[in-house]
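Input: a single structure, listed below in structure tokens.
Here the chain labels run A, B, C and D in written order, and each chain numbers its own residues starting at 1.
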Amino acid sequence: MTEFGSLRDVIADLVPDGASVAMEGFTHLIPFAAGHEVIRQDKRDLTLLRMTPDLIYDQLIGVGCARRLVFSWGGNPGVGSLHRFRDAVENEYPSPLDIEEHSHAGMAARYVAGASGLPFGILRGYRGSDLVKHTDVAQISCPFTGEELAAVPALNPDVAVIHAQQADRRGNVGLWGITGVQREAALAASTVIVTVEEIVDELAGNGPNQAVLPHWTVSAISQVPKGSHPSYSMGYTTRDNRFYREWDRISRDREVFARWVEAFILEQKDFEGYLSALDDETLLRRVVDG
Amino acid sequence: MTEFGSLRDVIADLVPDGASVAMEGFTHLIPFAAGHEVIRQDKRDLTLLRMTPDLIYDQLIGVGCARRLVFSWGGNPGVGSLHRFRDAVENEYPSPLDIEEHSHAGMAARYVAGASGLPFGILRGYRGSDLVKHTDVAQISCPFTGEELAAVPALNPDVAVIHAQQADRRGNVGLWGITGVQREAALAASTVIVTVEEIVDELAGNGPNQAVLPHWTVSAISQVPKGSHPSYSMGYTTRDNRFYREWDRISRDREVFARWVEAFILEQKDFEGYLSALDDETLLRRVVDG
Amino acid sequence: MGKGRAGANGYTSDEMMTVTASRFLRNGQVCFVGIGLPSEAANLARLTHAPEVVLIYESGTIGTAPNILPLSIGDGELAEHADLVVGVPEVFSYWLQAGRVDVGFLTAAQIDRFGNLNTTVIGGYQSPEVRLPGAGGAPEIASLAREVIVMLRHSKRAFVPEVDFITSVGFGPNGEGRAGHHGKGPTVVITDLGVLEPHPETNELMLVALHPGMEVARVRDETGWDLRVDPDLRVNQPPTADELGVLRDLKARTEQAHSG
Amino acid sequence: MGKGRAGANGYTSDEMMTVTASRFLRNGQVCFVGIGLPSEAANLARLTHAPEVVLIYESGTIGTAPNILPLSIGDGELAEHADLVVGVPEVFSYWLQAGRVDVGFLTAAQIDRFGNLNTTVIGGYQSPEVRLPGAGGAPEIASLAREVIVMLRHSKRAFVPEVDFITSVGFGPNGEGRAGHHGKGPTVVITDLGVLEPHPETNELMLVALHPGMEVARVRDETGWDLRVDPDLRVNQPPTADELGVLRDLKARTEQAHSG
């Protein structure tokens, strides 16, 4: 049954060192609060899974939580590079990072297979791409037509972490807007952690029966308002595009990044602290200027 | 682009003799009006596809429109047999009926493959079932684990026919409640016919972005209020359970069935006529009593 | 004791069957429910000792708590009272196939001594004597649910040595067992006369419990093979007043709603 | 004429590129749009000559008509103005893979003379000089869209004889062609200098049109292979006042919204 708890307790209890963890969210509803808590608790040797690593994984990789990254597109959306990710791949800084990369279609098919209890998924994909030389893709023939298709292994995270708009008191989770691959990641995982904007008597969603994950598929829920910042939670917050652009400057330099993590994550007790720190304009200036 | 037209014109234009036609609907939103129009226009040699044939196919089979049936469960839900279907299979009356049967999971996987543009779908299914001796299922090995799974060929109807609650004036289609396999059937088909309860300025559905089929995937739309009777259209009509029970009596006898089709379908100009005929209690009595 | 009329004990054999079946469902279990007898028993369980049971119907209604019994698998009642409603492809892929179902609750036209179920044809496949509705969701439920509960009225026509067609596998045509399946198969068969369970070694269904007032001879007589009887044969508890009251209320509500 | 500043003609080379690209999109086409330059051109088309173009972004937003350009592929703006929003698995399976996309609109860090695209690494894969974001949706868009339009600013670093890594295939490493693919591949490449198209026989990209005021020598100079020039070299029409006005309004609205 679903447990409700503080994010600190939930991450401490359910994310062991060495786990494979999928913190999903396709631009929308990215679980930043949970990512920060993982950094605060200094989890190690994680295998991070995610279609679009985004800033949250840049931070986790930058502090050295990750041993391996499985992904399909690792950039700062609309801005440019993930500099900590690049530094890890290009210079093994702060530590070497194993990578396994796919196309979006392939990653999606892997999660779908995982959620479906199948060992693999099939797609008409990867054709002519050099990706096949560097990743885990097989060929499979259609038994009816003989057509050759790509097969990809199921992806079943130890832990899936998602951020949603709402949970009801029984633990049913509702999310809407761009829902990405979160249902599949959650249904493919052994443990499912959900942070939510709000806990409500009845899911608003869009009409009845809009639970996206029923309570019995969810391990733990923690309420963290604005827990997707600088991503957004449709109906609750808007995307902090300025932060995404600032991240380019913060993450480009190892020292600035380290100071930022120190000031905005490690010195903060929780995500509320981080949100307050953001309001302090001088703090960011001090971090950037050293 | 979507055309709006009378059901008579739409069926005349888009359902040729010999076509494979999927009139889908999982108890809910069954496109009876379209089925009646097919009967009125005396279409022949159809291959009927449908997970749950229900009364609509009992009628089509009973009048001899169908040459072949592909299905996974052919009963009168909660009542018993489909007598016209049984008469066709057991006694080749009114004509022989080829059948190809699957499990629900297999049929669903076939439609999903069809909608996905894949030649086949995979599932952990049919194991130990005699179905494999009589239907089109292959074995396939997982290239990563070696596990043996079932493969089923994609199902791509020539024509899909569904009933929905709403369409907007651009032709976007909205449906909700139990949605069955309708999206997949429609997206797998070459031609998509939709009957709707109502044409609206803006889809109500359940919040924004609730079009289930965008206008450019829909060939033709015809407004037919109560067009799912005796099935139902959530939010518009309720299921006529009494009719389902009466059907047992109507369909059990070849003569009664023939009289019923004559009186309720062939002698009616359209579905509105059928609905009016239902209000005339004496008509049914005359049909049953001969 | 007639099947439809309350006997001297104040309940019918169908009621006894439903109540007994409902007791096999444990609170919090996830149950994939077939329409008819299974649906009745599963909802009785939900309304009595297992309020947190999660009922899934193949129409895609998950965690549903209908006020009345559905006549069909896709009644609006199921959608209106569900935690979520998903498409039919998803209910089989993300939910059943993924191994999320504890109990599959099935019925059939025929069952054989190894728990194989037939809902396809009586007689040969090509020219059947009786064409039955077919497989529906049953083959995969039988294979993939952690365990399967079967409900079926006892009769020689229904309890046959070998089914005419294995629609949904139990322990295989010769009781081979469950290799290749993710679930344990039919762990219990509840009838209007008693309860059968597979023998732990041979997988042959044997009589393990009688309903009150039933006799072994009658059960053997209604069974198409030489039915073995568990040496520790039990007698089931009759329905409690609560069970009976809740069941009858449910059926009365249902009848009233469906006659509308 | 600088890339960011309007030149003597009253428009920038980036504007010329976007306007030219937008003209390749026809009304009613279904277009799978990448973020950045393609998104700008596709929306310009929608707001000018192609109001019924259907824009699909890989975030699952289908038939979307944003008022401002999205900064990311999953901006709320895209969801709010979409005909429907589907999950990411579905956008690739039911929509792209099913062959519903007429035009894939892509960009890349590198393109080679056979239209192959690189968004993965500069240098070797194991120890790259520059690690780029990776594939995203591009490999399947490149393979499966009926045709592909590429937008990319001209430079020797971008237009290379052979890409360091084929992320998304054009006509293959040696211009082999499109066997095994459902789409025709890159039918046109629009840059800030002009337009390239594959030679009908060799599949090698050749210069078929110049933007007004550009010279062949400059284009050849910015291209990393010995660029062939179509004997019937055209000169593109400059942006109309309407195109320019709509584009600038769109960008001004966008800037204002994103600086909030």
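One rule holds in what follows: a contact is a pair of C-beta atoms (placed from the backbone, for glycine too) under 8 Å apart; a residue touches a chain by one contact, two chains touch by 3 or more.
Just so you know, these numbers come straight off a predicted model, no measurement behind them.
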item	value
Chains touching both chain A and chain D	B
Interface with more contacting C-beta pairs, comparing B-C to A-C	B-C
Centre distance in Å when chain A and chain B are each reduced to the mean of their C-alpha atoms	41
Cα-centroid distance, chain B relative to chain C, in whole angstrom	28
Whole-Å separation of chain centres (CA-atom averages), chain B against chain D	42
Sites on chain C at which at least two other chains make contact	79, 85, 93, 97
Numbers and ranges of chain B residues touching at least 2 other chains	117-118, 123-124, 183-184, 208, 210
Complete list of chain pairs which touch one another	A-B, A-C, A-D, B-C, B-D
Chain D to chain B touching residues, read off their complex	28, 30, 54, 62-63, 79-80, 82-85, 93-94, 97-100
Chain B - residues contacting chain D, complex	1, 115-118, 172, 183-184, 187, 208-212, 214-217
Complex contacts: residues of chain D adjacent to chain A	35-36, 58-61, 70-76, 78-79, 85, 87-89, 92-93, 96-97, 116, 120, 125, 127-140, 142-144, 165-169, 172, 180-182, 258-260
Partner chain D, residues of chain A touching it in the complex	26-28, 51-52, 71-75, 77-79, 81-82, 85-86, 89-90, 101-105, 108-109, 111-112, 123-131, 134, 148, 177-181, 183-184, 232, 234, 238-239, 241-242, 244
Residue numbers on chain B that touch chain A, as the complex places them	117-120, 122-124, 136, 138-140, 142-145, 147, 149, 151, 153, 176, 205-208, 210
